[in-house]
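Both of the next two complexes hold chain A, though its partner changes from chain B to chain C.
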Partner chain A sequence: MAARRRARRNPGRILLRTVAGAVFVFLMLPLVVVFPISFSAGSYLRFPPPGFSLQWYERYWNDPIWIDATIRSLQVGAATTVLALLIGIPLAFGLTRARFPARTAIEQSMSAPMIVPHIVLSIAIYGLFSHLGLIGEWYGIAIAHTVLALPFVVIVLVAGLRNFDVNLELAARGMGASRLTAIRRVTLPMVAPSVYSAAFLAFITSFDELVVAMFLSGANMTLPKKMFDNILTEIEPTVAAVSALKIMFIGLLLLLSLRFRKGSDTPMTH
Partner chain B sequence: MDKGADLTVAGIHKRYGQVRALSDVSLTVSAGEFLTILGPSGSGKTTLLKVVAGFETPDEGDVRVGGRDVTDLDPAQRNMGMVFQNYALFPHLTVERNVAFPLEMRGTPKAEIRTRVAEALAMVELTGFEQRLPRQLSGGQQQRVALARAIVFRPTLLLLDEPFGALDRKLREAMQLEVRRLQQRLGLTTLFITHDQEEALVMSDRIAVMDSGRLEQVGRPRDIYDAPASPLVADFVGESNILSGTMEAGGSVRLADGTAIRVTGEGPAAAPGAKVRILLRPERLGDAGDQPGAENQIAGTVVEAIYLGLSDKYRVRTAGGVELLARIGASRTARQYRAGEPITVGFHAADARIIEVR
Partner chain C sequence: MTAGTASAGRSLRVAATERRAAFGAFLLTAPGLVFLGLLFAMPLIQLFALSVEGGTTEWYAKVFADGLYTTIFIRTFEIALFVTVTALLIGYPVAFFLATTTPTWRAIGFALVMLPFWTSVLVRTYAWMIILGRNGIVNRFLIDYGFIERPMTLLNTRFAVVLGMVHVMLPFMILPLYSAIVRVDPDLARAARGMGASRFQIFRRIYLPLTLHGIVAGVTLVFVVSLGFYITPALLGGGKVTMIAMVIEQQVREFLAWNFAGALSVVLLAITLVVFWLLNHWVARRVPPATGQGR
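Up next is the complex of A and B:
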């Protein structure tokens, strides 16, 4: 009892709480500004807004350029997620299960796209894609985004697979399951939480990506590119409305992925 | 249910890089027999099990089940039931789905799956637990589910990889007897892996003692205990005093400290002058006063006295500096010794046996 009371008064603990609180406020403050501005009745980015209306949401909804950019971004994001998982899942299996000479080297170089500045990567990809005629195509951006998303996907999946008890897969095979059936029926359901996390990370990596998209999208803009252009050319609260929508959408995805994770939340080992 | 098939492994070699995991292992388990592979960790016993199950391919040698060569078959096609060390129950499936898994893999019709799962669960006394998840069960119950899952598809062979390691002593003893009963009832040929010699003695029809990738001795529990083929087996199975000495004419062995002891237990013949090692089980050593007719008596001092309930265990140092373990059974008349007290231990010549001649 005495030890507990002392722990509560511990100055370290108070300091920790204060710092954590400050960080939380700092991170959340933009939301407090963005949401009111998006409902602004005025025609400038001004805070606090002079009055409230839905005009900027209407503006967004009725502008085909905004809507096209949104659809394109969703498309690119979805394609990136699928591609990154298709490549990342087998890669993660190889890195955790197989024994081959360059395994560690490959695993370490996996994070290269995270280290190389996006602008360098973008110029390189731009050079390559202009030869291939992929500039301005949504799937060109998806391919480039896959490169960016892959490290996240592989890191998350490798961690998940390392936690997985391989004996479960052996047990399944001993009971008559082929290698693939064992993976499908036992391994994947067990590492599903990691797969959901990886998918979510891949999607937001693409959905929020600006630099690569600036080089590759040409006239067919993605949403971040359109937002960037909008801020450059006309300073008006549509961009706040779009930001608010984006935040809510990502928040929803996050909730969903947490929900999925919970649904299949099972201990990995005994 | 069907009788199990016999298992033969012949001339198995397996290496991992420089490490010889298995060297020329040959073994036959007859149909319905319970054979235990006993060995310390790293002895190769788990590798041998994996070779039989098909999870490892041997470098040389074959595995035959019921006369059929299965060496190159995928584990899925071998029809062997296996219980893993940590049970390897699928945590995301209910007890029922876990036990149904091998049947689903074989395309058994749904109605039949249901009855056979119910049968298997009844056999391990887990009826009523169908809808639980493995994490909602105790260790012993998980163990039973793993067992039900391993026998539900009527395997030709049952493989058990140290299945009782995680259970507490009482439960382990209960499960040992239960598994043994079930195995005998179903007539399942069983290969059991353990490092626990007591468990091996309790459960097995025969024991194969393994060390450093080789089989040291294969035999019935009593033979392994009473007539170990080497000092290593003697040391690993049960407690032992292993004494080195020189053979003398007339069936005596002179120890390094000069004591001569008479040795008439069965064992390899040794010519006078040969260096031999003899085995003396601690429970055959007694207080000399309680051992009428014992040909051998050695005086010494108690170095350590340990009370074990059923018996007292003494570490005795003889006048010549040899250390002996003696286990003296608890009886109303048995005298208790304390560390530092003098003691004279006695044993019959027939209870000392030569186990190595060099």
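Up next is the complex of A and C:
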């Protein structure tokens, strides 16, 4: 304790804290800046904003193109989450429950979509989907986003399943539960925190994704595509309002997922 | 004799059960493998096929013959390198702070790192445009307080691109560094200190070697992802700082030059994989996996 107090006062420690503090400011600055701009009363991007108004939020809310893009992104995000979990959960079980030839190779190849540059993957899938006539279809984007989300989902789920004690599932089966019941009543509730994390990751991966959506969305824009176009062509701060809304939405999701995790963590502490 | 047969029968049964379990496990991975095979491997192979369509290497010749594209590749490499070094230099102190501070400060610090991490890259890039623009926050501040008279050009420069990219990649650097530093036993530093080592010596002789695997993990991730960046250079570079991803996008969307875009993609992918392999190979040889496990 005394050593720690001494450590806190020494010059190296002060320097370290100053550097860390400066980096924290750097990290938070862009997030903080968006809010005052989004309430600007001016008609173009100006800082400091000349007055308070909700006009940019109103403009967002009253523009069907923005709202359609938002709904489409939520839809694509939800579909990506469901699809990534449907493929990822069995995959993670397969990778953690038994040894078989090529298991390590399969596990390693799962992270390949993370290494391949998104632009390369985007045009590759764009080529395939234009042959199949899937350009402009929301589910096409969801399928492509699942390729990007799957590595995160598998990594998180595999880590969760490796920590889970298989004997608990065996005990349930020993007491007469069927295999499916044991998984449903014992295993899944205990690995639920990893499932929530994986779901959150999959949703965010899709909800924020621009490059794939740029190629696949055609005229039916997703929210990031609409934002990108707006940033390139307009100087008015509707994007700031959308950004502020997005930051709050993600914050809310984060809080929710923490809440979920806490709720389901409790049985594990016994 | 009968006991022998029984045990042999049992071990056969065990082997059969294991085989069945292995097969079942493999079946569970099948949908994922098929999915990635159809939507990841196949499109990439098709793209490669396009780049050598008709058995010609002319598209690759164009990538390397034309000074324009090699320049862009070199610039992309330079920017990625610069982003990686900057992220390492400012990320290490932050990771060190997080690993050695009180639990409360650690929680606050992590929140400050993770909130930007979860925020859309597009939102953050847009915010940098507000901050760095001609009438942006930085210029306003400097003019209002009399540091400069006319606004500086900050946006649409390589500086803006690097700044924006560092902001996006920093959490990817901090997280692996943190998990490496937190494993180093603080008693090692204390012992070294007691024996008269300077702060720099403690860093160089204890922390640096014991956290090398974390450094390489962070560097690999940041460098490899930076090579393929599109959004940040497209918006903060304003057409003045071209990275290779932007060229590929343009070739496909504006010129429908699939063969050439395929060749550019294959070269980018090859560079990415070589960098990834080299860094991994290097770390595997230098750092045995057991080091860095202080506790």
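By definition in this document, the second predicted complex is superposed on the first by the 253 of 270 C-alpha atoms of A that agree within 3 Å, B and C clash if a C-alpha of one lies under 4 Å from a C-alpha of the other, contacts with A are read in each partner's own complex, and residues count from 1 in each chain.
As a convention for this text, a residue touches a chain if its C-beta (ideal position, glycine included) is under 8 Å from a C-beta of that chain, and two chains touch if they have at least 3 such contacts.
Values in this document were obtained by computation on a predicted structure and should not be read as measured data.
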(request) Check the contacts made with chain A and report whether chain B or chain C touches more of its residues. (result) C
(request) Give one of first, second, both or neither to describe whether A:V120 is in contact with chain B, with chain C, with both, or with none. (result) second
(message) A:R17 in the overlay: touching chain B, chain C, both, or neither? Say first, second, both or neither.
(response) second
(request) Name the contact category of A:R259: first (chain B only), second (chain C only), both, or neither. (result) neither
(request) Scan A:R184 for contacts with chain B and chain C and give back first, second, both or neither. (result) neither
(request) Would you check which partner chain A:L27 touches, where first means chain B only, second means chain C only, and both and neither mean what they say? (result) second
(message) Between chain B and chain C, whom does A:L128 touch in the aligned arrangement: first, second, both, or neither?
(response) second
(message) Touching residues of chain B toward chain A in the complex: what are they?
(response) 53-55, 74-82, 84-92, 101-102, 105-106, 133, 135, 142, 149, 153, 166
(message) With touch defined as at the start, can you tell me which chain C residues reach chain A in the complex?
(response) 18, 21-29, 31-33, 35-36, 39-40, 42-44, 46-47, 50, 90-91, 93-94, 96-98, 109, 112-116, 118-131, 133, 135-137, 140, 167, 170-171, 190, 199, 224, 227-228, 230-231, 235, 245, 248-249, 252-253, 258, 261, 265, 268-269, 272-273, 276
(request) Going by the contact rule at the top, pick out the chain A residues touching chain B in the complex. (result) 165, 167-168, 170-178, 181, 185-186, 189-190, 264, 266-270
(request) Over in the complex, which chain A residues touch chain C? Could you list them? (result) 3, 12, 16-17, 19-20, 23-24, 26-31, 33-34, 37, 45-48, 86-88, 90-91, 93-95, 97-100, 103, 106, 109-110, 112-113, 115-121, 123-128, 143-144, 146-147, 150, 154, 204, 207-208, 210-211, 214-215, 224, 227-228, 231-232, 239-240, 243, 246-247, 250-251, 254
